[in-house]
Structures are given as structure tokens and as C-alpha cells.
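Once you've had a glance at the structure underneath, I'll fire off some questions.
Chains: A, B, C and D, in written order; residue numbering restarts at 1 for each.
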């Protein structure tokens, strides 16, 4: 089935971000999502929902209607409908409207609460906003480079928390609030991350010594993810700055002392030939 | 209207910071601002205001009088009066004296409190002090470079806080202190920033698991602004260093303690010869 | 005594990690250790041990049996049995099974608690997992380089804590919860590491000023281990990068994604020719 | 007055650290200081001082006697007695013994407490230990380089704390625990440093919003000292590594691309002449 001109036009506006109309559509969408999230937040405040419950309910249904319309149009104009519906944003777009409709048929209070939990996911759509800020790319690339190192770090923190938590359970015991190892591990995470609520605190001398060790550990190992990310970020910014593109294969990120392209072996010192057009840095959003 | 010699002289002393008199004036001003802020702080302590309330009131009015005189002289000697009055410091200078006068006519206690709020802005004038320390410039430049990255980071933190806050509101509910989503978001910020007052704490097992996730998230993402700023600061310090050029061979990158050019052995402390034009390092503010 | 073929085969599987069988054995072992730790953690929860106490006890003894078998086989196939038994993992392997057996003969409750404390050490065996992740090596090398600097830092923190703790004991005294210098030092560690439980807080004005100084100190010196580790990690990553030499021109510093030498354009993916000896990058563990 | 051989010998042992005897003396001294500090700490614990009060008192006087003897010998063998007595360690050495003697004549409890406060200074002598660890030098140099930047940072934190504290005093007021501006500033420092005791917490919505802003500020600006120190430390380690000494004036820290000494202008590429002996790197402690 060939795509109609309307489908093409809608696709450019709704999915694209390069045309002025596409940009405007996305900005309006972001404002609407923020407003609907705000309405949901305000509804949770008793004093506000008592006075403005009706207005908020109308707003809620207006937004649900508009997002439903948007979802329908997205399906209509997507080149590959099934692929869009299965994509991350396709699923989130559906989940952002579904709870409101389910709320009509299933009036069980408890169940509604769980549905609202899904509604919170609507906030994720706001994250689209991130892609407009090119700075976020450097951050995301550096974090992606640091991915495995951060994973090793988190595993170590969890192992450490289990050890410290088990120790504290043995030393302090249920009479001082450390009622089980999971609760002690929770306390250890509260302590190692230097949050320190103070709802459970060690009472014995040995417990306070172990707690001090846990605090000093947490206070020191915070240096590890910071160190990892800083080093990756510095390297990434260095690469961004020296953004030398290969004139033959347009591969970016060559060091300032590179003579040959590290991807295709092209001589970087040579002037690009006439056949190869001078391509502007192809920055993907 | 040509400017009088008095206006010129006052302008050099009050607005300028290059002459000895101008420097002395600014130092005296800073001391006076600090003293007046101190007086305001002490006045808020019940025991002190009961005993020294009269003295503090006299001090308060003395400082208000002096600052009013200063404001009048600044307007008198400014080359472009209207421009000064609309400038940031012009407005702050006015706001630093206005509340005291308004306090005479409007004795409503509640209103006075809001006026005092403005009086606090007087502290901003102390920030002028920052510009005297050249080190602050590198910091400010690095922070200005990192501006957009930090903004992306803060948006993400706020989105994360909203998600975690909504989850906690659903899981813990009003009976455990999470009375509304805004309050839950407040709790999430207290937790993610690792402050952890402990006035609201999760009581259910699921709530404690989500809280642990929020803590570990907060504990890890602190690495992001640190990484951004460190990378920018290192680059900025590198640039500052490269700004020192040899007047003979123009080789850059001399350390601040270097006496001879590391490339050609030229004496860096000597005045450049006539043949070599005196190129000041183009430091942008 | 010559080693039998069975011993050789078992050694490759149990101690080695290079063969597929060896890798599979280690993965199964890690899963089993995690499961047995999980069983121990669940047993500590009253509600779970009341309902599933029997099942958990069976699991506990199954794991103890399997780990005992593993320990016996390790001793059987080790080339130097005595050396294995005295090695770190040899001792941990023994300690991971001993408490269960000791628990049969010594039913004294108090004593059992101490035995369980040793059982927690079983978690250390999970740490073996770290060595499979090559990323951990860079982290460990950087931490090993920073070892002495971190030690100096920790000594300073402990000296500072003693000073601040003694001061607070003198200023606040037993009536405000600072019952002894050790307790005050504990409070100082809670404060300096920015954990801040709030179970003990300064009540006097002087105490709050000293506490503020301690907080600002702790807030600032966190920069030191972070700075140390970041600098070491950046240097280590630089070194890792420099380790990739071009086999043709031996130019170092190729990125991990480089296919061609940036200096001479040589294909880095090709085997080095006969004339150029195959020098493996001398990576020290 | 010519110095006797005994004076010379004692000087080498007590003040020097290069001879084996000098090193041994310093190590013994450090152990003794640690022990005497430990005795003082234990004395503050009621249960211990009730049982071992006599023993601790004897220890206390033994250490006081030994430190008095040491102080006398130091004065005896110092080349310039008056200069030693006025030096930092000379004053600390005196203050470390004085309180015990003053405690005999002045039995006023209140006064004794202040004397004990001085006694805590004895801990500073332990800091001498730092100079044995060469790693500390890099740390201290980096911190000294970052000195002015850190000062700017601290001033900003204090100004910010005053502003946030004043705002909170106006918004929350005495009825919620913010009894005066100094107390509110104390609360702000507890919050900005992410310590968060929770003894005072905002109760109003506006107060919680301002508190959230203060937390996010504190959470972010921690990046600043870390960034400063990391950048300085990386530069310092770079300099340490490239420890190129000038063969003429032995000035260290030349960049790897330096051709001339930055201190004396000596040609670094030339071989050192016979007249200039090959001096080993003169590392000052």
C-alpha cells in the first residue's frame, strides 16, 4: 500500500524534529505531558483534590483524549506500524493512556493504585526532551563507556552491604532494630550511601565500630564511580574537541597527531579529492 | 552636560577598583556590609535583641544612612545614571536600603517579615568580593562551560525524583508519612541528595527496596556533575597555562613559576624588546 | 607420586577458567554460593523461618554437603595440596563449610552466633566473580597505585575525628549525649562522612559551631580520595591505551576501536609479518 | 658558646630523621604519643575510669614526665633555643605537658576542662608522622596549589548558607525550630553538606521547597572542590612523573618538551659538564 501525502506530512510533523512544524509539535507535546503530570501530582494533595477535584478530573480526561488522538495518528502515519507499536516509545505511549480507560471498568480502589503506578511512566516521555540538548550525548556516551566499570562497582557495593548487614545483624540483633538480615542490609545501604535516616542506629560499642567502618567505606568508595566517569568524560570531551573527520569515510574522533584514518586507513594529511564532497559533521541527535 | 571633575574623581573611587583609593573604598564597603548583615543576624537571636536591641537598632539605621548616601553618590557620579539604576547591582543597592524606610510606614508585622526577606539580598553585594579573587574567574568560566551539561543533569534528577516520589506515594501511602506526591518528591530529594533527615522513612519492605534503589541512584549520579566540572576545569586550567606566551618565540604553555622560556631560553621576566610588540595575553573575562 | 589423568582433568575443570568446562563449573559454583547466601539471609527473617524453616534447613545442609564435596575434590586434585589449603581461598573454602558441622556438636546459642559470623565469610567467595570482569583490573590497578595516598588520607581523617570528638566531648558533655570520647569520635565519624543519623546532636551554640566546622571539613575532604583515584584512573586508562602498539612502526596509543595505525596506516587487525617479532603488550596483572 | 659533642649527638637523634637512631627515636615517640592519647580517651569512659582510674593516672603522669624530659633535652641540644621554643612544634611540645602541671595547682573543675582542651592538641604531634610518607607531599602540594580556589569556594558556601538560613528563618519561624538566624544557618550547613541530622526539619510547603533547593545546591557544589583538587592533583602527578631536573640548578618539574630550564635558562639538551657532579634527585621531605 503506497503511503498517502497526508501520512507523509503527518509523519514529518509528529515523528520528525527537523522541520519547524515538527519542532513546534514536540514542544507543545512536552508542555502537555508536564501539565498532565502536574495535574496528577496536585490531585494527590488532599486539600487540592477536595477543592479542585472536578477541574483536575476534566483536565485528566482532556489530556487522556488528546494523547489517545496522538497515539492513533502516530499509528496511522508510521511507515511500519507494528514496529512503532513494539518500540519503547510505542509501548510507553500506550501505557500513558491505558490506565485512565481501565479505571472506568475496574473501580476497585486497590487495583486503581497499581494502574496509577503505570501512569507515572508517562514521565518517561518527558525524557525525549533530553535528545534536544546535544550536551546530553557526550554524557550518555561517557556513561555508556563506563557501563561495565560501574556494574563491577555496584556488584561490589551490594556484596559489601550484605557482609556489613550480616555482621550488624549478629552484633546488634533484633532488640536494637536490626530485626533480620534484609533489614540490616537496608540499614547498611542507608549508611554506606551516607543518607543516614537515623530510624535504626547501632547501640553497642562493637556495632558502632562496625558502623564507623561502613561509613568510612561508603565515604571513600564514592570516589570510584566519580573517578571512572570523570576519566571517561575527559576522554570523551577530548575526542569531541578534536572532532577530526576522515575525508574518505567521515569517521570522527581522530587524535590530533593521527596521520592516517584509524577506520579506513585513508591519508588524513591529503586534501580531500573533488569526488568526495565536503560533508559537514554529521551529528546525529 | 559635561561631567565635573568631582564626578570623575568620585567615579574613579566608587566604581573603579584600580586606584589605591578605589580599592580602599571597596574594602571598607565590604566590611560595612558584613557588619550590617551580622547585626541583622544577631537581632534575630531573642536573648541578644532583648539586651542590645537599642544598640542594634542604632547600628541598623547608621548603616542604612551610609548605604543611602552611597547610593545617592553612585547615582550622582555615574556616567549613565539610568543604566546604573537598572543594572543588577543598581537594583540590589536600592533593595538594600528600601526595606528599612518601608518599615517606618508599614508597621504590619507580617508585611515586615517579607520586607526583611528582601533585606537578605544585601548579602548578594558581598558577592562583589568574589571578583577580586582572580581564581574565581577560572571557576566561573569552567562552570559557565559546564552550564548546559549541568542543566541536563538537573532535569534528569527532577524527573527521577518525580518518578521515585510517585512510586513511594503508591507503595507507602499516607499512613507512613507519604501524604501526597509533592511530599513524596520532597522525601525523594532528601534521599537522592543523601541528606536523609529521617523525619519520613519507608516502613514497608517494598518501600525500603525502592528507597535503597533511590539511595544508590543518588550515591552514583553525584559522579556526573563532579565529572563534568572536573573535566571542564582541567581544560580551563590547561588553557590558562597556554595563555603565557614567550615574547621572543611566542611558544605557549609556560608554568606560572617559569622565569625562562622552555623553548628558546628567553628571559620571561624581561620586558619585550621594541621589535617585538607587547602583546598582552588576551584574557577574556 | 605421579598425578593421575583424573587428577589432571579435575584440576583443569575446578581450578582452571580457560576451558569451557572450567568456565561452566565456576558459573555453577557462583550461582550455588549466591543461593546459599540467599537461604541464610531468608532464614534470618522471622516470618520466613517460621514457615519455611524446614526447607531452608534442608537447603542449608545440601549446600554444605556440596561445598564439602567440592573442598575434598579440590584437595584431591591440587598439585600442591598443602599450598592450596594454606592459600586465601583454601582457608575461605574450609571456613565456608566448618560452621555448619560445628553447629551440630556445640549447641550453645551464644557460640552459634559467632559461628554464623564466620559463615558470612562465604560471601567472599562470590568476590572471585570479580576476576572474570576484565574492567575490574583497571580499577584494581588504579586503586593499588593510590593505596598509599588513600592510607595517608585515612590516617588524617582518624586524627581529625579524634580531635573533633575530644572537642565535642569537652564542649557538649555527657548531658547532651556525648558520654565519652569514643562515643564523641563515633559521632564525629557519623558527621564527617556526612551520614548524620541524628541520634546524637549538638545542643550548645559552641557545639553547633564546632559541628559546622566538622561538617564543612568532611564535605570538603571527600574531594581528596576522589581526586587521587580520578588522577590515577585517568593515568591508568592512558597507559592501557598506550599499550596498543602498531606492529609495523611500533607507534603506541591506538584507541581500542582503531583498525589502522594512525601513524603509518598499517592494518592493525593483520598478523604482524615474520620480520617483525610478535611482541605481546606486556600487561602486568 | 661552642656546642658540645653531646649536644651534637642528641641533636642528630632527636631532631634528625636521617640516621637509624633518629628514626628509631621518632618511631618510639609516635607510639608514646598514641598511647598517651589512648589513655586520655579511655579515661573519658566512665566504666573504664571507675575500674582503672589509678592505672590511667599513673600512665598519664609517666607520659607527662617523659615528655617533660624530652622537652628539656630538645631545648638543651637545639642550636637556636629561642627559635625552637617559638616554632610551631616547640609551642605544641610545651602545651602537651603544661596542662598536667597546671592541673595540680588549679583544681577548679571548669578550668580543668579548658586545660584538657589544650591537651587534645597533643594529637597534632602525631601529625609529624605524615612527613614520613612521601605520598603526603604530593597531596599537600596539590592542596597548596588549590588553596585560593578552595577559599573562594568556602566563602561562597558561607554566603549561600547565610542566605538560605535567613530565608528559612523567615519562612519557617521559631515555632518549627528555626529559633534564630544563627540556628537557621546551622541547619543550612547541616543540609548543604548533606549531613541531615533531622533534629530540625522544615514543616511548611514553602520551607520544604527552599530546603529542596538547598539540598540540590549542596549536592551539586560538592563537585567544585573535587574538581579543583582533581585537576591540581593530576597536574601535580604529571609534574612528579616527568621529574626532569635541570643539571645546572637542579630545579625539578620541567615539561617533557622543555629545551631550556625554566628557572636558570640552562640548555637541558646538553650533557651535564664534568664540573657539575651528577646530583641525585634532591627530594626534600
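Going forward, a residue touches a chain if its C-beta (ideal position, glycine included) is under 8 Å from a C-beta of that chain, and two chains touch if they have at least 3 such contacts.
This one's a predicted model, so the numbers in the text were calculated from it and none came from an experiment.
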| item | value |
| --- | --- |
| Distance-maximising chain from subunit A - centres being C-alpha averages | D |
| Type of subunit A:subunit C copy interface by residue overlap (half), same or different | different |
| Which of A-B and B-D has more C-beta pairs touching across its chains | B-D |
| Cα-centroid distance, subunit A relative to subunit B, in whole angstrom | 31 |
| Inter-chain centre distance, subunit B versus subunit D - centres from mean C-alpha coordinates, in Å | 29 |
| Multi-chain contact residues (two or more partners), subunit A | 182, 194-198, 218, 222, 226, 228, 230, 232, 234 |
| Subunit A-facing residues of subunit C, complex | 37, 40-41, 44-46, 113-114, 116-117, 120, 123-124, 126-127, 129-130, 133, 135-136, 138-139, 142-143, 150, 154, 157, 182-183, 186, 189-190, 192-199, 218, 222, 225-226, 228-230, 232-234, 237, 253-255, 257-265, 267 |
| Residue numbers on subunit C that touch subunit D, as the complex places them | 148-149, 151-153, 155-156, 159, 162-163, 166-167, 169-170, 179-182, 185, 191, 194-198, 201, 205, 208-209, 211-212, 215-216, 218-220, 222-224, 226-228, 230-232, 234-235 |
| Sites on subunit D touched by subunit A in the complex | 194-198, 226, 230 |
